[in-house]
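There are two complexes below, and they share chain A, which is joined by chain B in the first and by chain C in the second.
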Partner chain A sequence: MAQAASKIIKTEIYDEGIEKGIERLTQQRIDQVINHVLKNEVGARLKTYVDTCVHCGLCSEACHFYLSYDNDPAFSPAGKVKQTIWEILKRKGNVDAEFIKRARLIASTECNLCRRCAMYCPFGIDVAYLMSIVRRICHLLGVTPKYQQDTVHSHAATLNQMWVKEDEYIDSLMWQEEEAQDEIPNLRIPLEKEGAEIFYSVIAPEPKFRAQLIYQTAVLMNVAGVDWTMPATPGWDNSDMCMFSGDIEMMGRLKKAHFETAMRLKVKRIVMGECGHAFRSVYDVGNRWLLWKWPPIPVTHAVEFYYELFNEGKVSVAQKYDKTVTFQDPCNISRGRGLHEMGRYLARTLCTEFIEMHPNREHNLCCCAGGGVINCGPPFKMKRILGNRAKAEQLFAVKARGAETIIAPCHNCHGGLDDIVHHYGLGMEIKFLGDIIYDCIEKPV
Partner chain B sequence: MHEIYNFVSGPLVWISFIIFIGGSIYRLVSMGLLAKKKDTVIYAYFSPKYALRSIFHWIIPFGSVNMRKHPVMTLVAFSFHICLIAVPLFLFAHIILWKESWNISWWFLSDATADFMALIVIGSCIFFLVRRIVLPEVKYLTTVSDYVILAIVAAPFITGFWTYHQFFGYKVMGIIHILSGEIMLAAIPFTRLSHMFFFPVTRGYMGSEFGSVRQAKDW
Partner chain C sequence: MFDAGSWDWDTGRRLISDTHQWKDMFDWIEEPYVSPDGEKIASVVRKEEGEYSICQNGTAWEKTFDKVWYLKFTPDNRLTALVSDMGEWTVAVDGNVWDNTFDFVWDTRFGPDGQNIIVAAQKGMKYFVAMSDIPWDNEFSTLSNLIISRDGKRAAIVVQTVPLKEGEIFKFQEGCYSVAVDGKTWEKNFVNVWDMDFSHDGMHVAAEVRTTLYDYTIAVDGVPWDQSYSSVWRPKFSPKDGSVSAPVRIGGNWTLVRDGKPFWNRSFGQLWHHMYSPDGEKVAAIVAPKYGRWTMAVDGNSWKLTFGDLVTDAVFSPDGSKLACIGKEDGKWTIAVNGKPWQEKFDMAWQPVFSPDSRRVAAKVEKKGRYTIVIDGRPLKETFAAVWDPVFSPDGDKIMIRAIEDKSDPGEYYRHIIPVTDITG
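Take a look at the complex of A and B:
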């Protein structure tokens, strides 16, 4: 495996978006953009982080890329900062197109912005923030991986991630409603219900190709007697790849549309599906761009919402899931929102046997798909899979102790773990909490 | 020689303290103002409770997961920092100087203890140096300035130890000792040694983000 890993680092990956992007660059443009960002968009945090880092290397082992690529120092968090920000500052922005290409690859395909290193740096230096600055510069220079830029275009044109047209989205919901009515005849997926308690928002892959998740949620909402709604207008999608490409203006537009949809429907709160990055965008990042210190309307992640339903006795377990499960803590809801104990409560409530993988909770390793990395598409797939051999080892260890199923309450984790499970031959099943809840809860006969 | 001695132990002391204190205040205030202008997020989310919670876990030896993963480094780093601060403040010879100049004094360390602690600082510096050269992940990050900073920190302790034990040329070494101490003080605000006063700020800010927004631990 180690051999394969080093081979992939040396192999040049061709990405049209990046290559065409750097072809168009001029030295003047690079200088102009970098100086604009350094002068107008960043300040004290960047300066303090760079001045405070004592080059101790203690952040290294926090990074799954570093661990997976045989402790190659170029993949350590500070190593990535050295190759990008330090150089940019040292040369006062006077870097060439090749440098920008390498910087984009480092910041967007060798870092998941998982923020684990902030917990390992004695000073709490936020390397994810520093990598975001690099991404921002590359975005403004028009150097973005092609697949990611396509997603950003989709966001811009449709306000959703996957070019889902308005009628197709509505159609998917009505189709799932009809399907679910075979099971629960009076089930509804209430569209545009003004004044409902909850606005349920999803990421575009759900109506696009994981429609069963909407079906399962509809069943859960109906069984629990929740007063909920989904909008029939753009603004329904909570995902956000713009946040990761560096297109923060577009991120602002997306979050504004999302919050305004909730306001228009006069709901009490937004409940989101099992997605990590979208939660980060709505709860932590996008709101700040819109100058809301906290989201203008309460935001609840699915894990917390499920926890409420079970804890308050609104749903009950009919039959427990009988395979041994382990729990993948998604970065954006464990390190990002401390939902790990609620996740464990659910795993224990729903399954006969639950065992921990190590490390876990805030210290869990990233799936290597998050932070927009999986969104950079097929050219970077192997780099990403080999860049998380550490995760495969973590999973092998928990499998050896009997785990058969990985519960991963995050779409990116699903994508990332799915690739890892297949590539390394782990033979484990990956499930959303929603999958297990649907299978296990008491439903009206 | 007396003139040089008088100069380094007189005006230069004043200058170094002024640079150290004034420079540190300047760095903190200017960074604070810059943050007010460009990084208001720091003020918006800074929470004393969670900042202190995080700082507390990171100033207690083995208080964080990463410290437990690197027990030798943790042990060395803590002993180094404690001795680095305690020896100059509580050395009997230094207290005498304060007494003579200002007629003030405070608790001091026995000479043998201080001697041992100075050796800990010197030994730690050697450890950090070897670490820089030997560990690939540290070597990769190392620049010339890292060696210079290490030398600046080690010098007052090596020369102080030398002078106390009256090895050959200790009189000259005594002057170099004072000078090197002054260089270190003056260097603190304007080199990465500024982590001395930026540590509570960066750690506190990350602790605030983790504590109040993300409701998670950061240690």
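Take a look at the complex of A and C:
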């Protein structure tokens, strides 16, 4: 595995978005953008982090890239900062196109913005924030991986991340309603029901190719007697690759549409599906860029919502999932929101045998797909998979103790873990909580 | 405009339909919708297995469909729905379907008099707008952001004008989107086009556009302003002089510009949903004077009153002397008028409604699952299982309460006409 990792490091990865982006750069443009960002978009926070870091390197072992690439210091969080924003500051912005290319690769394909390192830094320096500044600079310079930029374009054109057209989305919901009515004849996916208690929001991959998740949620909502709705307008998608590419203006546009859809529907809260990055966008980053200190309409992540339903007795378990499970804590809802104990409550409620992977909870290792890294697409797939050998080792260890199924309540975790499971031959199943809930709950006969 | 004066404004309480009885007739009844004049209540119902229809005032439409959704009453009290029969979609109006059928149809809109019914439609993977059963001649590969003119006679929509395959990022950045007005496309393409506005005479369209990934501006009839900004929000035409104004982001803050030139002389952390008073003399907007605080600003001057959670659904009184909005603080909702909040807080509040003489403002509110109407901060004593937005009589002396009561016989839908003073004292 180490050999493969070395090979990928040394192999030049061609990405059309990055290569053509740097071809169009001029020194004047680089100077202008960097000066603009440093002067107008960052302030005390960057200065504090830069002034505070004592280069101790304690962050290194927090990073799955560093661990997976044989403790190569270039992959340590401090090393990534040193190669990018520190160098930009040191050179007072006087960097060339090749530097920008390397900076984009580091910030967008070698860092998941998972914030694990911030917990190991004695001063709590948020390296994810520093990498986000680098991403912002690269976005303004037009140097973005092709596949990620395409997703951002989809967001801009359709307000969802997968080019789902307005009619296709509605049609998917109606299709899932019809399918689910074969199982529960009076099941309904209520569209545009003003005044419902809950607006259920999803990321675009659900109506696009994971429609069974909408089916499963519809069954759960109907069994639990939840007063819910889904909109029939753009604003239904809670995802946000713009936050990760550095296109924060588009990020704001997406979040405005999402929350204003909730306001228009007069719902009490938004319940969102099992997605980590979208939670970060609606709960922390996107809302705040728009100046909402907190989400203007409260947001509940699926894990917290499921916990409520079981804890309040609105759904019950008919038969437990009988394979031994372990739990992947998604960064954005564990480190970002502290939902790890609720996740365990659900795993134990639904499954006969639950065992921990180590490390776990807020210390868990990232899946290496989040932070927009998986959205950089096929060119970077192997770099991502090899960059998380540490996760494979973590999973081998828990598998050796009996785990057969990984519960991962996050779309990015699913994608990342699926690649790791296949590449390293782990032979483990990956499930959403929703998959297991659907299989295990008491349903009307 | 519809003539509310022709409606029954005689004081009294009249049972329109006992929706509870519908349960004996149908095994599937969706949430009800009520006509503007309060005379009709309707729901999607299932008559037989796989056969859906609409029940209005206790009588189901004769025709049944595979699917029925998006019930909406026109301003002139006709009931519309989007219906599918044998997989073909169309629009049904008071039980009669359009001649044209589509592979899908959505986003029903009306003009103020309700005469024109406009929808977005797709057939054979081609997209277009259909207006009162007449599809546009021109079709597009996709569309979004439908708007209609204030008289309801024209429609505009964002369309894709250049074919684009997934992954063609540089082609996208050259501009593949434009606007079609009554089917005719602007000559110029943009990287993106979003929210739009028709001029008050219906002759012009202004739109939020992006000319590069970084340059946002406003285009009027396809011509972008010379100035660009790091972001913009929806433009609006002035009813007074036809100028176009829009919130724009400059140096990290938001201000209002008009025809590309400074309009308000101050900026805010956020500024959106600006609106003109009906006479065009005043401009108001939802603003954030500082991080996490929200209020209204009129002609650039913000209220002292602020809310922490949000401000939304602002509206000017007909004479422009008053401005009302919804504010939310610590999870509780209320109405504010000219910077003064109502004392009572609610679990939800709907957009305030002014009386035609601008003296009164009323709103639908909800607390602990019960609904009522509040006028000038004073709630009707009675609460309901459901209530719709209040409607003032043309002289402003009476108010129509459209509500489902559940005290004696659950589900009785009543239309009440009561003197406003019964609530305000």
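What we mean here is this: the second predicted complex is superposed on the first by the 445 of 445 C-alpha atoms of A that agree within 3 Å, B and C clash if a C-alpha of one lies under 4 Å from a C-alpha of the other, contacts with A are read in each partner's own complex, and residues count from 1 in each chain.
Heads up, the rule we're going with is that a residue touches a chain if its C-beta (ideal position, glycine included) is under 8 Å from a C-beta of that chain, and two chains touch if they have at least 3 such contacts.
This one's a predicted model, so the numbers in the text were calculated from it and none came from an experiment.
Novice: Going by the contact rule set out at the top, does A:K293 touch chain B (first), chain C (second), both, or neither?
Specialist: both
Novice: A:M174 in the overlay: touching chain B, chain C, both, or neither? Say first, second, both or neither.
Specialist: second
Novice: Would you check which partner chain A:V315 touches, where first means chain B only, second means chain C only, and both and neither mean what they say?
Specialist: Touch status of A:V315: no partner.
Novice: Regarding the shared-chain residue A:M342, is it in contact with chain B (first), chain C (second), both, or neither?
Specialist: After superposition on chain A, A:M342 lies in contact with neither partner.
Novice: Contacts for A:S334 in the overlay, against chain B (first) and chain C (second): which applies, first, second, both or neither?
Specialist: After superposition on chain A, A:S334 lies in contact with chain B alone.
Novice: With both complexes overlaid on chain A, does A:L395 touch chain B (first), chain C (second), both or neither?
Specialist: neither
Novice: Output the chain A positions appearing in both contact lists, the one against chain B and the one against chain C.
Specialist: Shared contact residues on chain A (touching chain B in one complex, chain C in the other): 293.
Novice: Along chain A, where are the residues that touch chain C in the complex?
Specialist: 16-17, 20, 40-41, 139-140, 142, 146-147, 149-150, 153, 156-158, 163, 165-167, 170-171, 174, 186, 188, 190-193, 195, 232-234, 247, 249, 252-253, 256, 260, 263, 266, 268, 290-294, 296-298
Novice: Chain A touches which residues of chain B in the complex?
Specialist: Interface residues on chain B, with respect to chain A: 31-32, 34-35, 37-39, 41-42, 44-45, 54, 58, 64-66, 69-70, 73, 135-143, 146, 192, 194-195, 198-199, 201-203, 205-207, 210, 213-219.
Novice: If you look only at chain A, which of its residues touch chain B in the complex?
Specialist: Interface residues on chain A, with respect to chain B: 42-45, 47-49, 51-58, 60-62, 66, 71, 73-74, 76, 78-79, 82, 118-120, 122-126, 284, 288, 293, 334-338, 340, 359, 362-363.
Novice: Looking at the complex, which residues from chain C come into contact with chain A?
Specialist: 27-28, 30-31, 67, 69-70, 104, 106-107, 120, 122, 127, 142-144, 160, 166-170, 172, 177, 191-192, 194, 210, 213-214, 216, 230-231, 249, 251-252, 269-270, 272, 288, 291-292, 294, 308-310, 312-313, 328, 331, 347-348, 350, 366
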